[in-house]
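Both complexes below contain subunit A, partnered by subunit B and then by subunit C.
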Partner chain A sequence: MFVNNSGIGAPFEGEVRIPSGCAVSAIIDRSGKTMTGEKIIRSIATMHDRSNGLGGGFAGYGIYPDYKDYYAFHLFYNDFQARKATEDYLIKHFEIVYSSEMKTRKVKGIWGEPIIYRYFLYPLSKRLTNSLMDEGQYVVKCVNSINADIDGAFVFSSGKNMGIFKGVGYPEDIGKFYLLDEEYAGYAWTAHGRYPTNTPGWWGGAHPFGLLDYSIVHNGEISSYDANRRYVEMFGYKCSLQTDTEVITYIIDYLIRVKKLTLNEIAKVISASFWSTIDEKSEEEKREETFLRKAFPSLLINGPFSIIFGFDGGIMALNDRLKLRSMVCGEKGDLAYVSSEECGIRVIELNLDRIFAPAGGVPVIYKLNEGVNA
Partner chain B sequence: MVIEIDEKTDFRTLNEKIRASGDKAVLLNGCIGQRYIATGVSEKDITVHGTPGNALGAYLNGGNVYVYGNAQDATGDTMNGGTIVVHGNAGDATGYAMRGGKIYVSGNTGYRAGIHMKAYMDLKPVIVIGGRAGSFLGEYQAGGIIVVLGRHNDGQPIINNFCGTGMHGGKMYLRCDSLPKSIPTQIRAEKVCGKDVKELKDIVCDYCRYFDADAAELLDASFFVLTPNTDNPYKRMYTNN
Partner chain C sequence: MATYIPEEYEVVRNYDLCTNCGACEKQCANCVHKFNKAANKMVADSSKCVNCHRCVCICPVHALKIVKSQDVYRNNCNWSAQTMNEVYRQADTGGVLLSSMGNPNEFPNYFDKILVNASQVTNPPIDPLREPMETTVYLGKKDAEIKRDEKGRLIDTLSPQLKLNMPIMFSAMSYGSISYNAHESLARAAEELGIFYNTGEGGLHKDFYKYGKNTIVQVASGRFGVHPEYLEAAAAIEIKMGQGAKPGIGGHLPGMKISDDVSATRMIPKGVDAISPAPHHDIYSIEDLRQLIYSIKEATQYKKPIIVKIAAVHNVAAIASGVARSGADVIAIDGFRGGTGAAPTRIRDNVGIPMELALARVDERLRQEGIRDSVSVVAAGSVRSSADVVKAVALGADACYIGTAALLALGCHLCRSCHTGKCNWGIATQNPELVKRLNPEVGYKRLVNLLTAWNHEIQEMMGGMGINSIEALKGNRLMLRGVGLNETELRVLGIKHAGEDI
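This part shows the complex of A and B:
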């Protein structure tokens, strides 16, 4: 478990609950064309005042085309002992095709950073076969094992051809710290500016929270946390951070990877309509929504939230059913935008084909165009 | 006074400049998300080009605010007097807890417009939405008038779920031919012809003055007037979920 509050002077994540505001933003080019992180940084920076400098982060998709078949692990280390222990573990479980310290630049406002490493990996085939797990399960198990068992090490990104970059600071500073505006180009980006309310804020606790190629950025304050946590922990997930984002990521991973639900179905589980609203729908919708609510009652996420879920090939934006957090979507040709506030979109694209605020519980899904292979 | 704004302009600096200006008329160009513009201002005419940030005209106490673009959330939060005119859409919680003054939106508004709106003596707030409104329109409304004109053409309903939940004062006018579903039973809905209601006529004429629409045409239509139904007071407001 990575625990590091050095330089921040705050208590450990998971030890404290502080009784939110946050900002989320995303861009995707559905034609698969890549862009640097410059635009997403400008987008999230217009919403500076929604966060308080205790967390910022980004997820970029399509950023590692040269290593797209390998899992890209991003790690925070407290010290070199943690690195040594982790690398010993990685060598036993993976073929490491590339490893290096991540390139960062000194930025005013970013301090207390851990040691940050990146590895491109592939599961050792014999180990994988013997584990009797599929590849995804195997990688998830290794990530959990490092995060839980190795002191001072934390895997914060573990997908293929994507990467999460995050830390303590304002998001625009974090973006520059990781050189997202120069070193990386992806077809989709999500971003988060944090205003931590329940936990003190630390490098690993910043958003996005990721698992394999899934990433979540979240603005909100869910009241169903414990009900949701208890349910997903029955299936082997371990919620160690006490953050809403962690449990939301596990819920979506469970529904999509294990239960094979579609994104639209997932929206009807986690942001289900009120029974009174379901009663007014068509017979077919009524049947579907009633089934999903009854099948997964403990995965209804209650309380205010707006999330952007990133995955290989797309993004999904979703609000809680009462729409207690703001979210705006915009489109311009192949480009699609999501932002907590309209200014986060207009700042990078003044003239849009369309701009709208999705209703609560109605997912907005933007995927790469048919046939695009990013 | 003209103030040029860009994404680097901090909202505090901007609002201090507006306040410090001796001019009655202030023009803002290139606004991009700066919050609290015209907050608590009493006697200015502020014109905003671009996208003003949240809480535009919160606690506004007089004067006028004109927006050429879409307004974000909480426009006119707890405003006391004056007028806000939005040539575009307005986000969630427009006119939240408004207690005086007028808001005119040419397009649509998001969730929770006019919630907790109230009135006292001659302070009678008015919100006019040209298009459609999201869920929870006029939730807990206690006074004042909300008018939704339904001029949108995206096929969406004029209002959404939970309109007027907990409403116990004031009035809503919805311009539509049939009563939208799911109006709470604690609300009385009466169908009227727009041109027969003096109060509504005056409000719609004001809207048309700002947005260059045809008042006679808008008023020659049926409206549903929603008021609290005193014959059926609240016992339990929400369902069990």
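This part shows the complex of A and C:
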């Protein structure tokens, strides 16, 4: 467990539930061409007033082409003892092919940063076989065990050919701190500026929240939190951070990995149409949506949210069923944009082919074009 | 020995108002009122009064009131008047004391010590007058396998479900314990509201088969009135293992309530006490319950959900877990405050635990075992208002059963004398003269009114919390806070104390 040490007597993250308002933004190049983090930083910076300096972060996809077959673990350490304990654990469970301290630069406004490390690794085959788990489950279990059991260590990114970069500060400063505008190029980026109302800010608590190659940025405060949490915890997830983003990530992971639902079907579960709307749909849609609502009532996410879900090969934007949070999508050729506010898109692309506000509960999914490899 | 037991309540008549019209005399099945010719005025024998308020309501000039009697024994905090009177009664008769309706004694009511959340600033409340606010609930197993047809479309693999337009149903009250007109009122209201009523263990009157799609039929230990058409007629079948008002014992319908019709419906002799046994004699353990569940499922081609109703007792969570693993689609948990048409007083007043605690533990236990999905949970045993429904759902219930509140809507004044069969309101009686006082046309509308009002209130409270679908409230315990509860109570309920942060 990695906790803040601000010493101001406020509760630690994970000890209390932390709702927050926020800004979200994303870009994807569906042709698979890569771009640095410069644009996404500019996009989220435009919405500066939607965050309060207590958290910002990014997820980049396709950023580690040279290591794309290895899990990229990003870790925060409180101190070198935590690093030692974690590395001892990692060596027991993984083959580490490369490790180093993360390259960062000093930026005004970013302070109190932990020790940040990156590892490229893959599960030890014998350990994996003996665990009787599939590879994804094995990695998730190891991540959870480091986060729960090792004092002062926190894995905040664990996917392949993708990475999460986050911390306490305004998102544009965090982007520069991690040199996202120089060091990395990816085909898709998501970004988050945080406006928490219940925390002094903790590096691990910033968003995106990730699990394997899934990442979530989220704006909103869900009123169904405890109903959702208590439901997913039945399936072995542990909501230790008590944030909406965390529980939403677990819900999506459960529906994709365990239940094998499609992204569109997932949208019909977590942001289900009203019964009265379902009644007006075609027989086939009615059958499908009624089944999903009846089968997964406890995974309906209620209350305001706009989320951008990043995954290997694409992004999905989704609003709550009433659209209580703003979110706009734009397209220009192969490029697609999602942002809390239109300005977040216009600042990086003035001449769009199309711009629209997706209706509540209607997912917008942008994937790499057919035949394009991430 | 002179053992006159002073009346608890006294009838007071305002002679300035009384016109000697005699309405009170005609209305009182307990023969309290009569006209005294010599004095040329109406008089009352308070010793017969059960305080049902029928005469008070019916008196055209409002000349009557019932007050607590001033005739008291010496004050004694240990020996209350009631306790003393019960000793006298038993010394007189050698009998077991009988009571009706729910435990009236002073025990903590946890719903009254729980407060509900509302949204402010960071999360908007939702206005139910302007936005959709969904209270529809489906009861049944949710642990469906995801299967697809050859085109990749999802196949509905769910077990049979019960659709409720609001998370409330009428709980089991048998024909026999309550009247034909009461049953008709409940059945018609259930149909209009899109919910369910429950036959209890008294069988289903032939006239009410037409309400089958809104009927839950019960299979209890006496198996009264159970036959294939009965099971076939219903939307769901409830196996009654226990009742909150009298855990550990069976049912008792006094012979005087067993009329021709009741006898035919129950398939038992007329005028003889109908006593259902404490256990089902084919269920001495959990594996036997499983057999009965699957026997009924076989008999109804797996088309109907099976509800298992249990009383809230000390190890209710473990019992519920066993029931959930035995094929039940729904578990109904009946708390110790639940009503009854007749129960031994000592059982009613001393056995069982509060529904709120039982519900909280059952929900949590099923989650810990990862099987909350395989069963729906219905909470029963004194759900008195829409606020109780909201709190029960947030604690983890899928829906609630109401009994007493429904009877109040039909006119019941909680005199707790159902076992005498002389209900002046035409509810808990089979006397045709009394039964006809309850007009089902009026009765069903009052039930519809009550639950329509409750549903509006539930929607208001949900909207305040920023929730627009009842499923997002289910088990959402962060929406609740306790006041004046100790650590153990809070732990059992799984809620925080008021003032504690989220």
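One rule holds for everything that comes next: the second predicted complex is superposed on the first by the 361 of 374 C-alpha atoms of A that agree within 3 Å, B and C clash if a C-alpha of one lies under 4 Å from a C-alpha of the other, contacts with A are read in each partner's own complex, and residues count from 1 in each chain.
Note that in this section contacts are C-beta pairs under 8 Å (C-beta built on N, C-alpha and C of every residue); 3 or more make two chains touch, one makes a residue touch a chain.
No experiment lies behind these values; they were computed from the predicted model shown.
Engineer: Have a look at where A:F296 lands relative to subunit B and subunit C in the superposition and call it first, second, both or neither.
Structural biologist: Once the two structures are laid over each other on A, A:F296 reaches subunit C alone.
Engineer: Once chain A of both complexes is superposed, is A:A45 in touch with subunit B (first), subunit C (second), both, or neither?
Structural biologist: A:A45: touches subunit B, not subunit C.
Engineer: Classify the contacts of A:F274 with the two partner chains as first (subunit B alone), second (subunit C alone), both, or neither.
Structural biologist: A:F274 contacts both subunit B and subunit C.
Engineer: First (subunit B), second (subunit C), both or neither: which does A:K260 touch?
Structural biologist: Second partner only, subunit C.
Engineer: In the overlay, answer first, second, both or neither for which of subunit B and subunit C A:E342 touches.
Structural biologist: A:E342 contacts subunit B only, not subunit C.
Engineer: Just to be sure I read the superposition right, which of the two partners does A:S223 touch: subunit B = first, subunit C = second, or both, or neither?
Structural biologist: In the superposition, A:S223 touches subunit C alone.
Engineer: With both complexes overlaid on chain A, does A:P65 touch subunit B (first), subunit C (second), both or neither?
Structural biologist: So A:P65 meets neither subunit B nor subunit C here.
Engineer: Output check: A:A357 vs subunit B and subunit C. Expected answer is one of first, second, both, neither. What do you get?
Structural biologist: First partner only, subunit B.
Engineer: After superposition on the shared chain, which partner residues are touched by A:F235: those of subunit B (first), subunit C (second), both, or neither?
Structural biologist: second
Engineer: According to the contact criterion defined above, which of subunit B and subunit C contacts more residues of subunit A?
Structural biologist: C
Engineer: Across the two complexes, what residues of subunit A are contacted by subunit B and by subunit C?
Structural biologist: 274-276, 322
Engineer: Where on subunit A does subunit B make contact in their complex?
Structural biologist: Subunit A residues touching subunit B: 42, 45-47, 49, 274-277, 280, 322-323, 326, 328, 341-344, 346-347, 355, 357, 359-360.
Engineer: Help me check something: in the complex, which residues belonging to subunit A touch subunit C?
Structural biologist: Answer in residue numbers: 11, 16-17, 19-21, 197-198, 220-221, 223-228, 230-231, 233-235, 259-261, 265, 272, 274-276, 284, 287-288, 290-292, 294-298, 300-304, 321-322, 324.
Engineer: Which positions of subunit C touch subunit A when the two form their complex?
Structural biologist: Those residues of subunit C that touch subunit A are 119, 122-124, 126, 131-132, 134, 136, 138, 142, 144, 146, 153-154, 156, 158, 161, 367, 370, 372-373, 465-469, 471-479, 501-502.
Engineer: Per the contact definition, I'd like the list of subunit B residues that touch subunit A in the complex.
Structural biologist: It is residues 7, 11, 32-33, 35, 50-51, 53-54, 70, 72-73, 91-92, 110-111, 134-136, 160-161, 181-182, 239, 241 of subunit B that touch subunit A.
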